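Two complexes follow with chain A in common, the first pairing it with chain B and the second with chain C.
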Partner chain A sequence: MSSRPERRELERELAGMVGRENVLTEEADLLPYSADHFLRGLQHYLPKFKFLPDAVVTPLETSQVSRILRFASLHRIPVIPRGAGTSLAGQLIPVEGGIVLDLKKMNRIEPRVEDRMVVAGPGATYAELNRELERRGYFFPPEPGSAMACTVGGMVSTNASGSGAVKYGATRNYVLSLEVVLAGGEVVRLGRKVAKSASGYSLKDLFVGSEGTLGVITEITLRVEPYPPIRRTTMAVFPSLEGAFEAAMEILGRGITPASLELLDELCLLALNMSGFSLPEGKGALLLRSDGRYREAVEGEMEEMVRACRGKGAETVGVEDEALGRRLWEAREKISASLTKLLPSPETPRLVFQASVDVGLPLSKMLEYVRRVKALMEERGIMGVCFGHVGDGNVHIGSTFVPESPEQVERARRFQEEAIRLALSLGGTLTAEHGVGLWKAPYLEEEHGYALELMRSLKRLLDPQGILNPGKMALDGIPRVALMERWWEEK
Partner chain B sequence: MRLEELRTKINACMSSSTACGLCRTQCPSLELWGVESRAPRGRMALCAHLLRGDLPPSNTVAERMFSCVLCGNCDAVCPVGAGPSRVIEAARERLRERGFLPPKYGERGGHVAREHNPYLEPHASRLSWLPPGLHLPGKAPLVYFAGCTSSYREKELAGKVVELLGRMGLEFTLLGDEWCCGSFLLRTGQGEADGATVEGMARHNLEEVGRRGAREVVVNCPGCYRAWKSDYPELGVEPEVGVLHLVQLLDRERGRLRAERGGEVRVTYHDPCHLGRHMGVYEEPRRLLSSLPGVELVEMPRNRENSWCCGSGGGFRAGYPDASKQVAKRRLEEARETGAQVLVTACPFCLRQLRETAEAFGLGLRVVDLVEFLLERWG
Partner chain C sequence: MSSRPERRELERELAGMVGRENVLTEEADLLPYSADHFLRGLQHYLPKFKFLPDAVVTPLETSQVSRILRFASLHRIPVIPRGAGTSLAGQLIPVEGGIVLDLKKMNRIEPRVEDRMVVAGPGATYAELNRELERRGYFFPPEPGSAMACTVGGMVSTNASGSGAVKYGATRNYVLSLEVVLAGGEVVRLGRKVAKSASGYSLKDLFVGSEGTLGVITEITLRVEPYPPIRRTTMAVFPSLEGAFEAAMEILGRGITPASLELLDELCLLALNMSGFSLPEGKGALLLRSDGRYREAVEGEMEEMVRACRGKGAETVGVEDEALGRRLWEAREKISASLTKLLPSPETPRLVFQASVDVGLPLSKMLEYVRRVKALMEERGIMGVCFGHVGDGNVHIGSTFVPESPEQVERARRFQEEAIRLALSLGGTLTAEHGVGLWKAPYLEEEHGYALELMRSLKRLLDPQGILNPGKMALDGIPRVALMERWWEEK
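Now for the complex of A and B:
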């Protein structure tokens, strides 16, 4: 093994592998890669939070990725694979510098609907993939909140999902086969391009949700579903949050599996109304979607859900108005952004730490969890919101703080830590869909216990030099940045 | 843009609930180069660093800002209204003030100051498009402002505009001394160029309108339309006359149109960014096309506020001629996939860009301006 090369030498070596036009080393090009969705805001207000990579490379094909990894392994240079940078847990932060692999150019999409599958490069966007599939009558359903921008590679790396997961499941349920480049540059194919297989260990599943810590995914084969041509959306607004939960439980208890079953609290409703909607006032709401192939079945299912909601005192909108239904969905996708409308003034720097808590709970524990979290918010003086995918036990909590104030940052951090630990104590998981990254690494051991040691053993086996996305998922220690204290110490 | 406004927009984007990357969904320069520093979110991050002072201005930073087409697709999808394209425009202005204006734009800006057009042409030949023998009155209720692109690069189109207005029986005239509207300067960060300001140009053009006694100004260039209708008031120069894009005038006066000739044809309409996304004019050209006998109007999948740019805006065609053709090619392929035989637009700049690209790549699609299309079917 030789030492890490100087930047100019690194640039020259990388250019030899992928061409000069696919290598970036100027500060202006590196800076946008020093953060992801999670860290950008903090970096904006606490400028010392700058984790510059040494280079950014935009490979075009697997063989180039292989050469880069062989080289990086030899010189022990960190490699951070990256999609659209929409991650919410700091998965993409180059905490030790190194080479960011921006996989945007590996964006091939090859629909094979006759086999009910699609083959895609990691840089293909979810939206583009679904445009191609929908033209052929199919779709890839997980629908994360970042659906318009995120990449398929990013979705596989974080096992992403969203509002469609209650009926259709998360990304993992769709991965049939992966091509992966290992740390030493070896190219392996995991799984086969077939609907099912009972052959050997399912190693592809090890890489789903591995956040770039075990290898670089260079090709993805996904199962696809027939696109449901009939869709109906309704919003039910309740006089109490409990009423919304009770209605949700009743819907699920009746044996209905809606296409989506989303919960919004009072502040979310307020934010939506401040964004131009005229929704009824209430303490909680459910956004319901039903889909399928047959109109009668879809409308029948929706009617039953609406009855359940009205039985709990809800006022419903959108049942007869498909255009409003579509607008409600668009609004739901932008709920995080709408929350900024609740802030006192746009000039006042405030961070909305939205969705930074995305715990998953047993359905029976959700109401208790939300009640206790709201009590915690009040006790700690935190302005925050609860929303999420109530159909699959996934709760998001967003809270705001003034980044210039160390006390507020500390208060927000402590609150979020308590919210995560509360979920674990109720038998939940610390992340249902966003992944671990940097931000949740400190709590991973509390959830997994000795199983985390097994994960670390696998990491050492597959990445003995520890070059792949270091600092994430508590696999090789926890960087101080993940503990947050350092943020204001260094200000 | 005032500093506070700039800061507010950047703060809105950078709050951790956003910086969401939705603006990556339809960005021509991201499609071309595939890197974050040439995507709206990356450019916003660079602007944030510039504003904080922890990134020095440089030619590289300037290049990243000038490699944007300013189509505004990012503004349309931004969930917090941060308006990346406006921030990029403001960054161009500040980079120019610090001496980092790419020379190509500076040369053209200087020419606007001296000869009142960015095409490096003499002012004296501005009216060379005028059809011989055309006599226009000294005063009229309507003034046609041809703009630089029609006057110097799409002369035939300018001639057809006056022909169409004449056939419609409208009483109109031209300015005695028309100057550039200033759009090129505003889009390339040159609110001031060699001592000339856009405010000054606006005042000159308005005085010329006043001399004609006109109540309305009609333009066929969407860049000019945005300048007159939106930028001038923002600069504190409020036109005291009505300002219309030609499609609005034609729509209002469609009872005067006699475009009834010609066989059956399938057409699609390309929304110019300046007319559609920036100014909200979407339906008038569609109403006109749909009302023509034998014409079937079909939409491209990306239309109205989601329309894909032709690749020529924001100084991009001048700065990146080859890359800009790639953007246009994508639009033309979309148009062809609709099965349309003709792509109609309402902008001399889009017309030039799309027509030249269709020819260069042999795409077999006819590109025309709405004015040309209406005249072809007159009778």
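Now for the complex of A and C:
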């Protein structure tokens, strides 16, 4: 092993592998790669809180990724694979510098709908992939909140999902096979391009959700679903948040699995109405989606759900109006953005930590959890919102604070910690869909106990030098960057 | 590490951990544990082909499993976890002796349908689990061929599935969390009892399908599905096998995902008719199942499928007759047993290697595969049948031979090898649902290449002494027991 080369030498070496036009080393060019979507929202307040990589490389094919990793391994240079940068847990931040592998040019999309699958490069976007598939009558359902921008590689790396997961499951359920490049540059195929296999350990499942810490994913084969031609959306607004939960539990308890079952609290409704929607006023709402191949079944399901909601005193909108139904769905996608409308003046707490609490709970514990979190907010003087995918136990909590106030930041940090620990104490998981990254690493051991030691052993086995996306998921000895704890020192 | 204790000492030690009544060491008692379902069928012809364990222990709880593994680890004694013994690939055969852990008494079933899950011990049977669930309106769908007998622990260990996998997926899709005991006796919880998580490496998925080679599963949390109240079954019999395939591809290509889409060849039909069914004569058949919550959708789907089949010249039975539909389903379950009816005299090849070829293929390669396999059978003088789960690319091939004839055995062995290699050459997997065990271990490297080396590294990491179910899945240095190659020496 030789020591880490200097910037110019690094540039020359990398240019030799991928061409000069695919290597960036100037600070201005590196800056966008210092953050993910989550951190970018903070950098305005934290100009010094940035970790620049030494270089950004845009490989075109697997063999280049392999050469880069062999080289990085030899010199112990960190390598951070990157998709669209939409992650919310700090997964992409180059805390130790190194090489960011920008995979956007490895964006091949090869639909094989006759086999009910699609083969894609990691840099293919979810939106483009689904355009190609929908044209052929199929789709890849996980639909994360970042669906307009995210890449398929990023989705596999974080096991991404969203409001369709209650019916269709998360990304993991669709991954049939992966090509990955290991830390030393070895190219390996995991799984087969078939619908079903019981052959050997399922190594592909180890890589799904591993956040770039075990290898670089260079090709993905996904199962695809027939696109359901009939879709209906309805919103039910309730006089109490409890009523919304009770209706959701009744729907699930009847044996219905809707395409979506989304919860919004009072503040979400208010924010949406301030953004131009005219929803009924209420203390909580459910956004219901039903889809399928047969109109009678889709409408029958929606009718049953509407009946359950009305039984809990809900007012429903969009039942008879498909255009409104589509607009309601847009509303759901705009919750995060709409929340800023709630903040009338610069003195109001104004930084919304986007869904920074992203816990998953057993269904029967959700109402208790949301009640206790709301009480905590009140007690701690935190303004925040609760929404989420109530159909699969996933609760998002966004909280606001004035970033210039150390006292407010500390208060928000403590609240979020309490909200995470409360979920764990109720048998929940600390992240249902956003992943661990930097931000949730400090809590991983509380969830997994000895299993975290096993994860660390696997990490050392596959990446003995620790070059792959260091600092993430509490896997290595690199000091944890707990964002809200460190930023004041950084300023 | 001390050396392996003698039988009496072993018995005393184990009795101290689980009670004398839960330890067997007499040869007559050990004999049933020398084989799985697959090998049991052969032992009549191969009286010497049996590998006795040193002891059989029936633990009652996790802490006992932990003590046994600590002890086994100290003395380097092999440990083979065992469910109902219904495996078809030699997964349970104690090739190096050691302790068989019979998990039948760890059979707790705790339905938590309010959370859409169930918690079960590994020894709970699939049938009993589903009785408990169905009473509450839910079910655990994978439905392997051994559904009447198999245990949930066995299903998780082999990622079992069956004729419902095309719509509902294999066992893996349902596993939320596992408690496992590692080789050294450490008890560890993998995953959380929630519907959705993106927290850390998915170690549970490493254990699903690992055939007892990485640890002993002591508790299983499964997601459950609402039981579909409406079910319809129809059989379509075609004038050609090609017609059956074409209809299946048309059904899938239209975007229908039936609850089952089963293929039967001419010999299967003949065998079923010899067993008392009165099916139309034909060269191939599809058994179609549709299920759901809404009658209109289930019947609409069945109607579309029937139309596709009739378009290829099929005669359909059971469309209007629910009782006949149920009987047709029983017929499918009796294919293996019915095949013996085809063998009129002792001179006829009479040992049916139960579905011993169990490959999975891309959907678009299935017809080519079946055609080429049938040609191979003809060329090699093999009598055999083709059937399978055509909806997910899974083809079973049963072949027959006279076990007393070395020449016939060798011919059958070669044919099966060719059938496996043909599947691999078409992009398939060597086992879609039965697993690897002993029998398919010799071919694993051809499928996985360097990924098999990774599997071996993981095995060494988690079981450095190699005590967990040695000899299976080509993971260790223990000579492969390729059944049909060795048995003549053994006689």
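Just so it is clear, the second predicted complex is superposed on the first by the 482 of 491 C-alpha atoms of A that agree within 3 Å, B and C clash if a C-alpha of one lies under 4 Å from a C-alpha of the other, contacts with A are read in each partner's own complex, and residues count from 1 in each chain.
Keep in mind that, in the parts below, a residue touches a chain if its C-beta (ideal position, glycine included) is under 8 Å from a C-beta of that chain, and two chains touch if they have at least 3 such contacts.
The structure displayed is predicted, hence computed values, not measured ones.
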May I ask you to decide whether A:189 touches chain B, chain C, both, or neither, giving the answer as first, second, both or neither?
second
Dominant contact partner of chain A by residue count, chain C or chain B:
C
Partner chain in contact with A:105 - chain B first, chain C second, else both or neither
first
Is A:392 contacted by the first partner chain B, the second partner chain C, both or neither?
second
Please indicate which partner A:7 is in contact with in the superposed arrangement: first for chain B, second for chain C, both, or neither.
neither
Is A:257 touching anything from chain B or chain C once the two structures are fitted on A? First, second, both or neither.
second
Counting only touches as set out at the top, which of chain B and chain C does A:20 meet: first, second, both, neither?
neither
Touched partner set for A:56, first chain B, second chain C, both or neither
first
In the superposed arrangement, does A:461 touch chain B (first), chain C (second), both or neither?
second
Residues of chain A that sit at the chain B interface in one complex and at the chain C interface in the other, please.
none
In their shared complex, at which residues does chain C touch chain A?
112-117, 137-138, 158-161, 165-166, 169-170, 172-173, 186, 188-190, 192-203, 205-206, 208-210, 214, 225-227, 229, 249, 252-253, 255-257, 292-294, 296-297, 300-301, 360-364, 389, 392-394, 427-436, 440, 444, 447-452, 454-455, 457-458, 461-462, 473
For a test of understanding, state which residues of chain B touch chain A in their complex under the given definition.
4, 7-8, 10-12, 14-22, 24-25, 30, 34-37, 39, 41-42, 45-46, 48-49, 52, 54-55, 58, 60-61, 64, 77, 79-80, 301
Going by the contact rule set out above, which residues of chain A touch chain B in the complex?
24, 26-29, 31-33, 35, 37-42, 44-45, 47, 50, 56, 58, 84-86, 102, 104-105, 123, 125, 127, 131, 146, 148-150, 334, 336-340, 346-347, 349-356, 398
